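Encoded as structure tokens, the structure appears first; notes follow it.
Per-chain residue numbering starts at 1, and chain names A, B and C are given in the order in which the chains are listed.
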Amino acid sequence: MEGFTYVDIFATKGVEYLLVIAALLLFIPFWRMVSRPATAVYEAAESIIPAISEWFHLPERLYYHQGHSWALPEQGDLVRVGIDDFAQKLVGKIDAIQLPPVGSQVTQGEKGWSLRAGSKTIDMLSPVDGKVVGINEGLLKSPENIGKDPYDKSWLLEVQAPKISANLKNLLSGGLARKWMEGVRESLLARMNYNLGAVSQDGGVPVDGIARNVDHEHWDEIVKEFLLTS
Amino acid sequence: MNGADATAINTVEEKRSLKDIIAFILSELKPRGKMLTPFNVISGLTIVLGAFLILYRLAKGLGAVTNLSQDFPWGIWIGFDVMVGVAFAGGAYVLTFVAYVLRTDKYHSIIRATVLNGLLAYVFYAGAIFLDLGRWWNITNPLFGNKFGANSVLFLIAWHFLLYMLAEFVEFSPTIAEWLGLRKVRKFLGSLTIGAVVVGIALSTLHQAGLGALFMMAKGKIHPLWYTEFIPVLFFVSSIFAGLSMVIFEGSISHKVFSDKIDHKDHAAYNGILIGLSRGCAVAMFVYFFAQTLIFIHGWHWSLLNTPMGYWYLTEMIGLVAIPCFLFFRGARYGNIPLIRIAAILTMIGIIINRLNISIIAFKWWIPLSERYIPSWMEIVITLAIIFTEIWVFRWIVTRMPVFEGSPAWAEEKH
Amino acid sequence: MGIDRRTFLKGLGVGVAGIAPACLLSPGSGHAKALPANETTEFMGVLVDTTRCIGCRSCEMACADSHGLEVPDIGDTSVLEKIRPTSEKQWTLVNRFQTEKGEVFVKKQCMHCNQPGCVSACLVKAMEKRKNGAVTWDGNCMGCRFCMVSCPFDIPKFEYDSAVPKIQKCSLCWERLQKGEKPACVEACPNEALTFGTRRSLIEEANKRIYGESGKYVPHIYGEHEVGGTGYLYLSAVPFEQIGFRTDLGTTPYPEFSKGFLYSVPIVLLLWPAFLLGVNTLTSRKDDVRTKQGGAK
């Protein structure tokens, strides 16, 4: 038949196999690159992440509740209680603290006290069971001081906890606490969703709190999520 | 986390009688919100005009309304409404695969809207097929009767469409049960989901590929740069990123229009979702591009590249496949949301061009422009009317049923 | 959420329901099944010898007359100035070609392929290949026009101007064949350009003419192998491209092109659900004893 070009249509030419190999080889770096954020972004995030874990100080001797409150056993069955660095940096400037009155009972895992920032009120969970025998009056008067030293001078309550050993078993400390904090850090980064504007380039923490810079309107919902009081 | 205006229904415990349910549905038919928005006016007029044109078409025949000819038996109702519409509905099977088979929580907030879109797409494009049938009163012949042309690709497509609509409906039915407050029904329907998803994915694979297989016997009529025995595979792979691009596009619109129904957590997570979808598109398009290259090399039609159709082919492959693939890739890596949206739009245009090429433009490409099929304004109006009606139905459902807002507390699913 | 027995059975049930239509597929549907000996019928066909056609167009008249179509005015020879396709009003027609050997007249109509693309395409069996070889159209047609897309010769024509449209094409005068008569066009031809008989005998006759009158014909019977063989066979004195025939159609029957896809349907319907449910089971977290990480969830 005239005008008929012979192409062996069923033969897979050698060059096709070469193309397949080339495609597969190219696919490997493609896959790797598409699965992670770009180096620039990653490095920016990474440079801030160590900063984040440095921000969130976790003194060794404290016991932490997953709602970001801490307990420091003192003599006998007395326990000092406060909020951790993460909680404070998340919420930012605190306008007022509402503490339970002396003599009242607190229960581990239930509402212990609340913080007020702007128009929103955030509850926090108590890390121990017991009777409140002391509150930090100085802090009540100047709640803005809580940021300066959330662990030492900014304690919230003094609690007499008869079941202190049982309570401490439910809390995190040492290596476990570190692991937990890393998980929290990952969650926060995921929440921030590439919106690295929530933290400044030099790694500083915004004064009005990280939460407000992640979601200005619903920042209290974010906080309650992390503090387990939503 | 109930919907904005959850009625008492969601919290009522007592058994609801059929009368209550019907009364409820009737009350829900009342329109809400502003009536005279620009969108409502334009789409409403189009729908009314389209309805008249449809009646005219049914009364007078296809020739009165379309520009179809003996040389071009299929026009935009098949080439666009069905081929493109079904490709864009592919998001449903891809995302249900990811969310239900692979149990990824990430896309949970958009899965219902995507399934709803899939269901509506198939229902309305089945409608488009109905309009395109010359002897539409025989539409049940492939479904009931004793003369099944089971060796026809179209036969399989007809059945798959029907079964897939059922599967999508089953996947969406828990939302309807929640809306009607039917707790036991809701629980039962929830247990059917994984079965419907799995069947839906199998059916989707086949009918996405099947739409391409329709053209296997048009060998010699479709330009060699587009005709290949692998058209079914190409259609299937492209339906993946076509569907995901549509999810990105439609989701971006829905997030703005229905933002009051979406809780802030889902809003915040949305960027992460877009980046994930972008990754999926990038990978699928990478594979598709290399598959097309392989097919080109197999065919070895180098001389054809230097022709007008050749340039058009390169425009499609480079401009509307390779470039959006790269944009998705960059968008995912840098978290660049606007770039991802642009990539999605380019991809969708590429899919439209690809399906139209195979069904109309590269079909009998030797016929001069003056004798080619160009859709009539009536065909276009009817197509738009179908699309607008689908959007109206989507809007009606989304403003009343828990599609964007989470399930009511009593129906919370454990994954 | 792992898979429980109930869900699995439901999934399986839906899956089986999905497979059911595929079971209607007969494997190897591209090939004609062999009939038992006492039922064997041969395909009939028509041999068109273009060297004998004088362009009188009596066949056009006889065809229209025989099937209630609009009878063309065969006196008006001006229509021959253009190459015409068949139409929804004309099942067959004669075209005039100017060739190196002068005027050649070629009758055009449905080729009645051995393995028709239109029959394979028709999802309601409106297009049917009859036992005697005729390819006919029936009224249970849906008007989807897939046959038009699938015909390599672009023969089926659609009545776009009707609200009750039919597909119009040559039926090899099937009703006349039932009565033992010949097709109307063959009867009407005054110059024996058309010969009706079994396909086998027609090929024999065609070969006799080619090798008997050496040099007169191009040594090729068009339709003997094209698209797997057709019922209408053509002889020509000039190369077939010069008289309007496509010579690039190949010898593969058109239904074969859909075979790959059709065969994959039952396999996908079987494998995908099993694979997907398997993956779903493998990723079940019911056995996990991992404690939840602290912080937000």
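Just so we're on the same page, a contact is a pair of C-beta atoms (placed from the backbone, for glycine too) under 8 Å apart; a residue touches a chain by one contact, two chains touch by 3 or more.
Note that this is a predicted model, so its numbers are computed, not measured.
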**Message:** Among the chains here, which has the CA centroid at the largest distance from chain C's centroid?
**Reply:** A
**Complete:** Ranking chains by how close their C-alpha centroid sits to the total C-alpha centroid puts first chain B
**Message:** Based only on mean CA positions, could you tell me how far chain B sits from chain C in angstrom?
**Reply:** 32
**Asked** How far is the middle of chain A from the middle of chain C, if each middle is the mean of its Cα atoms, in Å?
**Response** 69
**Message:** Counting only Cα atoms for the centres, state how far chain A is from chain B in Å.
**Reply:** 40
**Item:** Sites on chain A at which at least two other chains make contact
**Value:** 191, 222, 225
**Asked** Which chain B residues reach two or more other chains?
**Response** none
**Prompt:** Taking each residue of chain C in turn, which ones touch at least two of the other chains?
**Reply:** 248
**Complete:** Listed in rising order, chain B residues that touch chain A in their complex are 264-265, 267-269, 271-272, 275, 279, 282-283, 286-287, 290, 293-294, 297-298, 300, 329, 332-335
**Item:** In the complex, chain C residues that touch chain B
**Value:** 1, 3, 6-7, 10-15, 17-18, 21-22, 24-26, 29-30, 85, 87-88, 117, 120-126, 140-146, 148-150, 152, 154, 157-165, 246, 248-250, 254-255, 257-258, 260-262, 264-265, 268-269, 272-273, 276-277, 279-280, 283-285
**Contacting residues of chain A [partner chain B, same complex]** = 7, 12-13, 15-16, 19-20, 23, 27, 30-31, 33-38, 40-41, 190-191, 193-195, 214-215, 217-218, 221-222, 225
**Request:** Name, in rising order, each residue of chain B that touches chain C in their complex.
**Result:** 58-64, 66, 68-71, 73-74, 97, 100-103, 132-136, 138-139, 141-142, 145, 147-156, 158-159, 163, 167, 191-192, 194-199, 201-203, 205-206, 209-210, 213-221, 229, 232, 413-415
